[in-house]
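These are the structures in question, set out in turn.
Shared between the two complexes below is chain A, which has chain B as its partner in the first and chain C in the second.
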Partner chain A sequence: MPVKELREELKEKIIAQLNLEEFSVSDIDDDDALFGDGLGLDSIDALELIVILDKDYGIKLTDPNEGKEVFKSITVLADYIAERTNK
Partner chain B sequence: MRDCYIHSAVSISAQNTFSTEDFLLDVIVHNAKKIQAVYPNYKDFISPIAARRMQTGVKMGVVAANKALQVAKLNEPDAIITGTGMGCIADTEKFLNSIIDNNETYLTPTSFIQSTHNTIGAQIALGLKCNNYNNTYTHGSLSFESALIDAQLLLQQQEAKHVLVGGIDELGVEFVDYVQMIEANESKGICVPFSEGAAFTVLSSEKKENAIKLQDIITISEASKEELILKLEDFLTLNNMDTKAIDAIILGNNGDVYDIYYEHIVTSLFSNVARIEYKHLSGEFYTASAFAFWLGTNVLQKQYIPKEVLKNSIQNKSIKTLLLYNQFKGKDHSFILLKI
Partner chain C sequence: MNPKFNINTYTHIRNGKLSLNGNIVFEDETKDFSTFIKSAYRSQDMDYPKFFKMDNLSKLAFMAADIILRSTSNSEENIAIVLSNKASSLDTDRKHQESILDSDNYFPSPSVFVYTLPNICIGEICIKHLLFSENSFFIFDNFNPDHLWIQTEHLLKTKKANKVLCGWVDFDDSNYDAFLYLVEEEGDLDHTIKDIKQLYLCQ
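Moving on to the complex of A and B:
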């Protein structure tokens, strides 16, 4: 899947899975911070994201430090998934 | 021992009950088998970020609780006590289905965390930043009554001055359909719609002007119709009353075969008092009696019985003492005495 499409797909999944009813795909910029001042996600959301990675993309994230980096933004997350699924 | 006074009573139900001004002015006639509550504007009370993980029961509970505190002009209760028969059934269904769908893997945390019965009490406390006593009762159709008894004890024993008490149940998605299928197969099953709601009250040991008093409450798990009469008479005697002291009785008739308990009580003891029924308006759910508590409080405050709930032609000029009686399937009987 092209990375651009993957980014849109991730936004849709995040909005649906994390019940971000106030947001639409166009509200989330590719480089917005997912946690903290950006989307304002929290630790429970991080767990939901780990499940999305595992269930939908077959990627198991076990290192918490890796998670901090991977979940930085949609761009970083999409690149991370693309690297591991496009081989 | 201290008395218990009702400083506020707020209800979210299948009727327009959330406004404190209206008292069943525009009754909604429900013909469906399953009816949702009339939801308030949640955003007036809960931020979207906080609300996004909340299912209906939690949202109704948090909003009704906050409004009850507002009406009572109370910032922080000494205790938060909730009763719920089914708890957060929507999230319970969601995570159980998710386990099946995903072959017992990939259990997502949100619905699991939010599915416990005490989620509602916990979310109210989190919103208020209230670290005081917090308890949840899950005893089927005695859930709200159990919460009331706990509150009454805290106030009487002077362990609290102001207690927030509520009864909450949500419809959920699937489970209620199975219950309805079972009821439909009964020769005389529940005839009123299945529904949901949240009713909260602030009980206090401080007497306010015109405050209604929660005189007493008793629960009886099992009793024959005859035993029930004796227990009710003992209950009234314990409160220095007899049947003549009761001006109106609020009954939880739901149309099933067990309505004979209500008929027996009325014909034996209360044939000459105003008879009120409400489940055709609120629907049936485990904490529907919390709606009856709200109804009774309003009848006493406003000295008026809306025609949609009055089931006989007796309308007393003055209503000073109300008796609430509820039971479910011939079990879990409760009597609540409210007094002006």
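Moving on to the complex of A and C:
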């Protein structure tokens, strides 16, 4: 899957899994911060993202410091998944 | 002389209706709780995106509490919370159980798991309204005004709280029922077991 499509897929999954009812895919820019001032995700959302990585892409994230970097934005997350799945 | 406490305001959420002090403020005939409570949220101009992440019990309790507490200055008023129900957090417990039944497809959701206790709904209310006061959640077979009255009078008479938000918030399967009321020195309705019972049944 091209990275561009992967980014869109991630946005859809994040909106659905994290119940971001007031967001649509077009509201999320690829480089928006997922935590803090961006989408405003919290610590439970971070755990849900770890489950998405495991369940949907077969990637187990165990190092909290790695998570901090990987979950910076959709761009970073999609690149991380693409590198590990050759999507 | 012992101070006398009164019921200042009360709310019901049941049968597709949201009411405050006996007056319907939102009505939706849909049978589905999820659709109903989201429509109720939007009708009340609430701006709290975390609402959508809550489980059904927390949505029910949060909505009922918000209707009452939005007009108070909250944290300065030392408002305790005493809630009760029959089904505890069973609705969410079942969802969590379903996600861990299959060892080959074992992906429990953290955001479901965090709601597998009934008193989490009190936490959601306290976070929104900045309450740092006493709170408790009781499980009964039925609505129990006697117990709620005893707890509330104790909190107020011992000055553990200036006001108590109390009542019943029950959610199981597709059935929901909420009745919350605020007890304090101000108010027109007597805080007696008989009056609590009558208000519970009045909608």
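The definition used in the following text is that the second predicted complex is superposed on the first by the 86 of 87 C-alpha atoms of A that agree within 3 Å, B and C clash if a C-alpha of one lies under 4 Å from a C-alpha of the other, contacts with A are read in each partner's own complex, and residues count from 1 in each chain.
One rule holds in what follows: contacts are C-beta pairs under 8 Å (C-beta built on N, C-alpha and C of every residue); 3 or more make two chains touch, one makes a residue touch a chain.
Only a predicted model underlies this, so the values are computations on that prediction, with no experimental measurement involved.
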Partner chain(s) touched by A:47 [first = chain B, second = chain C, both, neither]: both
Contacts of A:24 with chain B and chain C, given as first, second, both or neither: neither
Partner chain in contact with A:85 - chain B first, chain C second, else both or neither: neither
Which of chain B and chain C A:55 touches, first, second, both or neither: both
Residues of chain A contacting chain B in one complex and chain C in the other: 18-22, 40, 44, 47-48, 51, 54-55
Chain C partner contacts - residues on chain A that touch it in the complex: 18-22, 40, 44-45, 47-48, 51, 54-55
List of chain A residues in touch with chain B within their complex: 17-22, 40, 44, 47-48, 51, 54-55
Partner chain A, residues of chain B touching it in the complex: 48-49, 52-53, 102, 105-110, 113
Chain A contact footprint on chain C (complex, rising order): 38, 49, 52-53, 107-111, 114
